[in-house]
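Structure record follows, encoded as structure tokens.
Going by the order they are written in, the chains are A, B, C and D; count residues from 1 in each one.
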Amino acid sequence: MSDRRIPEVHPVDTLNLLHTEKLIFEQGAPGRSGASLPPLDVPAIDPASLFGSMARTEAPLLPEVSEVEVTRHFTRLSRWNYAIDIGLYPLGSCTMKYNPKVNERTARMPGFAGVHPMQLESTMQGALELMWRLEQCLIELTGFQRVTLQPAAGAHGELCGIMMVRAYHTARGKSPKKVLIPDSAHGTNPATCAANGLEVVGLKTGADGIIDLESVKAAIAAHPNDIAGIMITNPSTLGLFEEHLGEIADLVHEAGGLVYMDGANFNALLGKVRPGASGVDVMHINLHKTFTTPHGGGGPGSGVVGVGERLVPFLPTPIVEPLADGGEGYRLDYDRPQSIGRMRSFFGNFGMFVRAYTYMRELGGEGLTKATEMAVLNANYVRALLSDVYSLAYDKPSMHEVVFTDKRLKKETGVQTLDVAKRLIDFGYHPPTIYFPLPAVTGGAGALMIEPTETEAPETLEHFCAAMRAIAVEAIADPSIAKSAPLNTAMRRLDETKAARNPKLRWTPTT
Amino acid sequence: MSDRRIPEVHPVDTLNLLHTEKLIFEQGAPGRSGASLPPLDVPAIDPASLFGSMARTEAPLLPEVSEVEVTRHFTRLSRWNYAIDIGLYPLGSCTMKYNPKVNERTARMPGFAGVHPMQLESTMQGALELMWRLEQCLIELTGFQRVTLQPAAGAHGELCGIMMVRAYHTARGKSPKKVLIPDSAHGTNPATCAANGLEVVGLKTGADGIIDLESVKAAIAAHPNDIAGIMITNPSTLGLFEEHLGEIADLVHEAGGLVYMDGANFNALLGKVRPGASGVDVMHINLHKTFTTPHGGGGPGSGVVGVGERLVPFLPTPIVEPLADGGEGYRLDYDRPQSIGRMRSFFGNFGMFVRAYTYMRELGGEGLTKATEMAVLNANYVRALLSDVYSLAYDKPSMHEVVFTDKRLKKETGVQTLDVAKRLIDFGYHPPTIYFPLPAVTGGAGALMIEPTETEAPETLEHFCAAMRAIAVEAIADPSIAKSAPLNTAMRRLDETKAARNPKLRWTPTT
Amino acid sequence: MRYIPHTEDDVARMLRVVGKPSVASLFDHIPERLRAKRPLDIAPLDEARLLAHLGELGAKSRPAVGVTEREGAALSFLGAGLTSHHVPTAVDMMLMRSEWYTSYTPYQPEVSQGTLTAIFEFQTMVSELYGLGLANASMYDGATAAAEALMMAERLTGKHKSLLSYALHPHYTDTIYTYLRSQHGHEAEGYAPCVSFGKDGRVDQGQLSAALSAGDVGCVVVQSPNFFGVVEDVAAIAKLAHDAGALLVVANAEPLAFGVLQSPGAVGADIAVGEGIGLAIPPSLGGPGVGLFAARPEYVRQLPGRLVGETTDKDGRRGYVLTLATREQHIRREKATSNICTNQGLIALAFTIHMSLLGRRGFTELARINLSLSEHAKSVLTKVPGVSLAFTGATFNEFTLALPRNAFDVVKALAERGIYAGVSSRAAGLYRAETPPSTGGTKLVAPDDRWLTLAVTERHDRSTIDRLAAALTEVLR
Amino acid sequence: MRYIPHTEDDVARMLRVVGKPSVASLFDHIPERLRAKRPLDIAPLDEARLLAHLGELGAKSRPAVGVTEREGAALSFLGAGLTSHHVPTAVDMMLMRSEWYTSYTPYQPEVSQGTLTAIFEFQTMVSELYGLGLANASMYDGATAAAEALMMAERLTGKHKSLLSYALHPHYTDTIYTYLRSQHGHEAEGYAPCVSFGKDGRVDQGQLSAALSAGDVGCVVVQSPNFFGVVEDVAAIAKLAHDAGALLVVANAEPLAFGVLQSPGAVGADIAVGEGIGLAIPPSLGGPGVGLFAARPEYVRQLPGRLVGETTDKDGRRGYVLTLATREQHIRREKATSNICTNQGLIALAFTIHMSLLGRRGFTELARINLSLSEHAKSVLTKVPGVSLAFTGATFNEFTLALPRNAFDVVKALAERGIYAGVSSRAAGLYRAETPPSTGGTKLVAPDDRWLTLAVTERHDRSTIDRLAAALTEVLR
């Protein structure tokens, strides 16, 4: 290559300051580095002298770039993302509420972020106290007996919860295998059962969108003495309150099973319903949904699990307890013979505990109740502003989210859910959750699951609904626009089929 | 207005996630607030009872929005900005080098950020020591006797420096009024003189771009016994080293004047030239240029001023001194009878001191010298890659920046500097400084003043030069493109004339 | 070097393109007599050791402001030109977005709408708070803003004499004199004599009208609330000034006061200047702050500093640009209204964000909280034996106590107990008993060395005020 | 409530549009028996008091990691599954950009290219470090990644028996057993007996081949460097496993080791899992971390977790999407390879940024620095009377000392001196002497209560190592 290098450049490679970005591996030059390492003040050891043939001979192909290039690369990449701080992010079932900035500050306090999990308990009292206090807040909110903080996300909480259900039955010398799960459930519910060696018995959503008592009765009757329990999401992923929860719990309990509630949608219930006092035996909560720990582009989350009396002995180890001798302070209790064991290393996603606790203590009981009230009001407001244009999946009162289908739109214009979603991007919005939950997508319909959360102002919802309406109107005039959307973005519709057909899952150098 | 509010929306109001943004005053709703205030645990006082008619009766028209709206507003606004962290920012004379992230961390350490300026000196020893150490580093770099940290920016440093020059003459019973200033000087130089009641004697740049000795001689001769000094920028804003500085200093000193060096371009000289040891009596340095304190969208900066022996008595008060009695520690010395006085409240832009000191200590002497070397290499590299297409303003070797004119381009295509600048935006770059310095814009030419700084990799410069070249090529084919640029941005060319003709300088509510 | 990307290969290749044999040769044209004679002697540190070194330096101070006292911060009642309020975390989190802090002056509006819009909002807020229709994009700080205001008034009135309130923050007074000396030489103080204050802590109106009577005064500068915390009767002063053909500049180091007080503009100020640091960022040893500058709109051509104005782009969309630059140094050079160039942009942004968060309602409520706590503190502290109020005038969140003995000694004793009790007006760098400013022939009340000025804000509550009272009682015993 | 925008007017208006008389009426359909019986009892705090409250809680712990010891951090040699490295400030500054932390799973690729591209880079790095062609978008942590690897191996081989190294981190072993119990009930441990280690601290190859001989083992799980810091002979173990028709899973809690050691993939591992927290963020009591998961590319259909793949958009531009989702729960439901959904995205990003900063050269150099300091520490510490190395096997930056007395007591004594000296393998939550895991009939070496495992990294230097040695000498005296 010549010394004088003038690459080809095109103005279209940048759209409004957004640059087409090479992978970090494709940048830089051999030998360049953004590291700042200390000088070695002891003799240097040659790895080969110690490890022989186990010594690495060629360094891994990591990038070779300066800090400047790294900062720019990730700053620029970040600008390709939509985010809550940019606008409404109405992803149903994900509770994309505003993440308070103060959370980020408390989580970074040296007395939290700097604590190593293997320190002596006496040197981590603040961390233990925070975990204890967080658990107390969660107990106050849920009505459970205890709450384990170990699970790393909702699905991990489900795993933990169902493991406790299994352990409970085993301890009683039983091994029922069936778990009732409605078809509206999130995919993690059945997958969790499978991971626990249990079998799913499907419950079909009733005509009104909620679980009907008769179908539960029938399922129980069909599997005598084999009901491990039920997994029930409340409010359901259709945004509806499972009004028969009490009776269902009675039925399942009578059949010897336990009631697992998927609490992913707990944001609809703060101060309104205490599941632990309503027949539920075990429930996970996503701290990254209801309690504002940031979603982080896909985690980390935290899937804490509350349990009623029956399941307390089976909680994972360790759990935090106040010092036994009445002294001030806390300890970790590992001595729990019936425990299901450890769900992971160390104690859970502690950084999320600090954030969730910060949030709860800022709002307090009244504020948390108001959060739920306004979340439900917002969902119903969106419903009121859109239900003349989009088809409501079910007519029951909405809780924290509302699910529409594209039935009418598709019939009238050929424009379907995916197109609406992509066209919303052109209006400056992240699309809602689409093609979920299953009961809403029967008969080839597409579902739009809209969860506005309480942190959105009415004007924002009005603007969003105006965009949704404009899309519907535009679809009648010219369906091709939505079908080729997004149009205002640097990246157009991506070919997902191609990605799966010939998977390219890492960068490889071209030589 | 109806309760059911559906605004008009247009997809064109957003371009690739960048939303057209209302002013914060135009958002929200009456009574809304993003404040988090403590409860009052003492009796509430009614202002009217204390202040009578001086009590405010109507609250100021501040925004009425939640934290969510504030965060989104400023996050979204920020995305309308170009910045160093997005790409090359070749603004000549501004030294837009990378701002190390570690600076931001040290400046926020509680032992720095939390210190109040009126604390007892005994309780702010760390801050005083940092100021002392920073001064020592600056002395090492510049060869001066002392450095005052008080001035808040370069222009403030100039003011301070020229005040000292005046005080020096006054102390010797003189009051010369003339300051020699070359036409390439930044506007702050003459403005500073005016603010000091001094008169500017212009020096015309020689044919080779640097100050020629004869013109200095002539100017001195023309104003016998009235030469207060000279203000000389080195390297000059043309990116050229003032090779006759030594002789010029001799001439000015002989004439009884003092030599002020504008050190805005000190990034070209680290480890290479110590002005304090080269005949310069006083010089300001922009910590926000050479020493990486962030430019902050237009400040805060810091314009520290170094002085040789002659001016030490006139330094502003206070200055930091080691404890007199040989004890460990530092004190503030206010007892300086010849001092020009205070330049501002408190001690200067301390937050910038922490950042600049952090930077200097990370690089160390060798690293700082390398910074200068690579800054100069980069400027010369850009020069080599562009001088066949753009006209070099002067042929002398370049230091930290290179100045081109649009002479050829304009003649051949009609496309001029402003168009090139705006078209660069379409290629993803912030334009260079344009139409400055004056010697380069004679005869209707437009100047492009390109300062790449040392933190740019050669590939980045190559990409930038490719864009510059593409613009020139495109201008020949179709000059109208550049003339209507930028084309790829959410905001097109703005009408500056209109803004000045009918100034609207604040928001006012529409009723 | 992680910030300098050049590898050896890069350098070699670039030199070939440039046509130079070595890096050193790029500097060949620097004459020998100007070259540095030895390499720089500054030791480098890797990031971890760098942080440790700075951390150790930081640990040598005891901050006035922190999250908790357990983290080492004192209980502080310091004000005196910088009253730190609790600035919500959302502000600093926003400042850390590099689009804000790694951009510069918005010369190119098409790629700077963020900064330009924010400045336009800032101008609007300053204009609102000070009740004057025009505000600029910021000055260095309150003191330089005051000096620039005085010079602007000189230009507007053509008169070179000003009057300064002796209850103006001494740093402001000093800065004004520094600026004036650069215009008028050592006789500067004669150009701006001080006017004393009365038992109520306010400007002595009798002295003031006497000093104004000759009609040679172009401008009167007062601070409200003043250095002692006392609220001036701005309306009355404005009348006196205006009647004598002078302009009134009101300085202010605590904009929050105007949540409960009439704005300077509403009661007659022609120019108002102030300091916003306490509502923007942590104290940071007093800098960077942000100088606020507002004036009557008709004075716009004489205004120092940058201005952002509204306009439209080619497609008719609303946008913002730097405007009226013909007042400024880069166009006007020696004819400019000021030499200011870089100002305090990022701190102005912090101020703007905080004002947005507080909002109309929160700002007023916060001001009331400050007022109420301060009044409560007055009543508690004046119960300490021997302690009384130094002045009878009304105050906002700062007030001055008369102690039974030297206030500086008391401050030292309380600092040892972890309490930064306030400021003695005779502390270093403030009022100098030996060298009072020019009196212009009038008598000045020398600030008493038993006066202690302290600020009480939302950072305090009943119990911290009680702690101060208890400690003060103990120290005075 | 600053996070809830609704004013009273807003609520009233919205209710009118919704057609409900009151907010309460939105909850009317909740049956009485399910309703909360009393309001929530949690007290609210304003931001300043909130920060003070959290700050006080934080101050009740003494961190292992901080900027300076003056700030209160101990001198820490803790490792044991989490060896904290100095993560440059640039990493956290980037994490604070809200486009990263306030977005979610990149379901909509057109507005998620930032996250998708970063994950693709992460996958590439994990693949490079572990020397296996395939890596996923992250798992919860190293322990759950190990459990998922074992289950993946079960699926691949169809065999339900595994062998675990007894030198595997006890948390990993415990987690594996928890997962296994959910499959196999209380007999789980029989499905995965442990294999002991020898005097060199490595897996006892004799025991291992004996246990493999029946041919019923689907997978062998070893850790390298192992819990005691010893580097396993992965190549030899791989050969034994493969010869017996088993897959080899290598767990690893310190990816930096592969700056100086052959990657697991290069010496025969089929699946490699690890923990990246120490190279990504501060220890944070051990979470959130990031589980690393790599495997041979041919196993892609059985891989748990998310994957990002390359594709093009409508205009042919390169872009990235979530792909092969048919392995996952939201498509496959009970047939999924795992139930994992939300993973550890932001920590994976931190890891990716740090690896980018270190780069090829820095990564290797950092590994060498760790190795050199650790070897130096060994030689210094074994000069302390009564102290020797517990094992003869080579180590990277963590090693195990045999002390002359109970290591836990020594740890406590040193903690009082501000030194977190390391971990006794008999500390709470680690090896339980009373309940050893299933031996599958073989003899396990019980970890000695005098063993102390410690990590020495670039955070240390000659002088801090000397300080540890001096304190240890004193305590053992």
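The definition used in the following text is that contacts are C-beta pairs under 8 Å (C-beta built on N, C-alpha and C of every residue); 3 or more make two chains touch, one makes a residue touch a chain.
Computed from a predicted model, the values in this text were never measured in an experiment.
Chemist: Can you name the chain that lies farthest from chain D, using the mean of each chain's Cα atoms as its centre?
Modeler: That would be chain C.
Chemist: Looking at chain pairs B-C and B-D, which one is connected by more C-beta pairs in contact?
Modeler: B-C
Chemist: Whole-Å distance, chain A centre to chain D centre, using C-alpha means?
Modeler: Each chain reduced to its C-alpha mean, chain A and chain D end up 20 Å apart.
Chemist: Express in whole angstrom the distance between the two chain centres, defined as the mean CA positions of chain C and chain D.
Modeler: Centre-to-centre distance between chain C and chain D: 49 Å.
Chemist: Residue numbers in chain C touching 2 or more other chains?
Modeler: Residues 2-5, 10, 13-14, 17, 46-48, 50-51, 54-55, 59, 66-67, 71, 88-90, 93, 96-98, 111, 357, 458 of chain C each touch two or more of the other chains.
Chemist: Would you pick out the residues of chain B that each touch at least 2 other chains?
Modeler: In chain B, 4, 17, 28-29, 31-38, 65-69, 71, 75, 79, 82, 85-86, 98, 100-102, 104-105, 109, 362, 384-385, 455-458, 489 touch at least two other chains.
Chemist: Which of the residues in chain A come into contact with chain B in the complex?
Modeler: 4-9, 11-19, 27-29, 32, 36, 66-69, 71-72, 75-76, 79, 82, 85-87, 98, 100-101, 362, 384-385, 423, 426-428, 455-459, 462-463, 465-467, 469-470, 487-490
Chemist: Which residues of chain A touch chain C in the complex?
Modeler: Listed in rising order, the residues are 3-4, 17, 28-39, 65-69, 71, 75, 100-102, 104-105, 109.
Chemist: In their complex, what parts of chain D are in touch with chain C?
Modeler: 2, 47-48, 51-52, 54-56, 59, 66-68, 70-71, 86, 88-89, 93, 96-97, 357, 458-459
Chemist: Mind listing the chain C positions that touch chain A in their complex?
Modeler: For chain C paired with chain A, touching residues are 2-5, 7-10, 13-14, 16-17, 46-50, 67, 88-90, 93, 98, 111.
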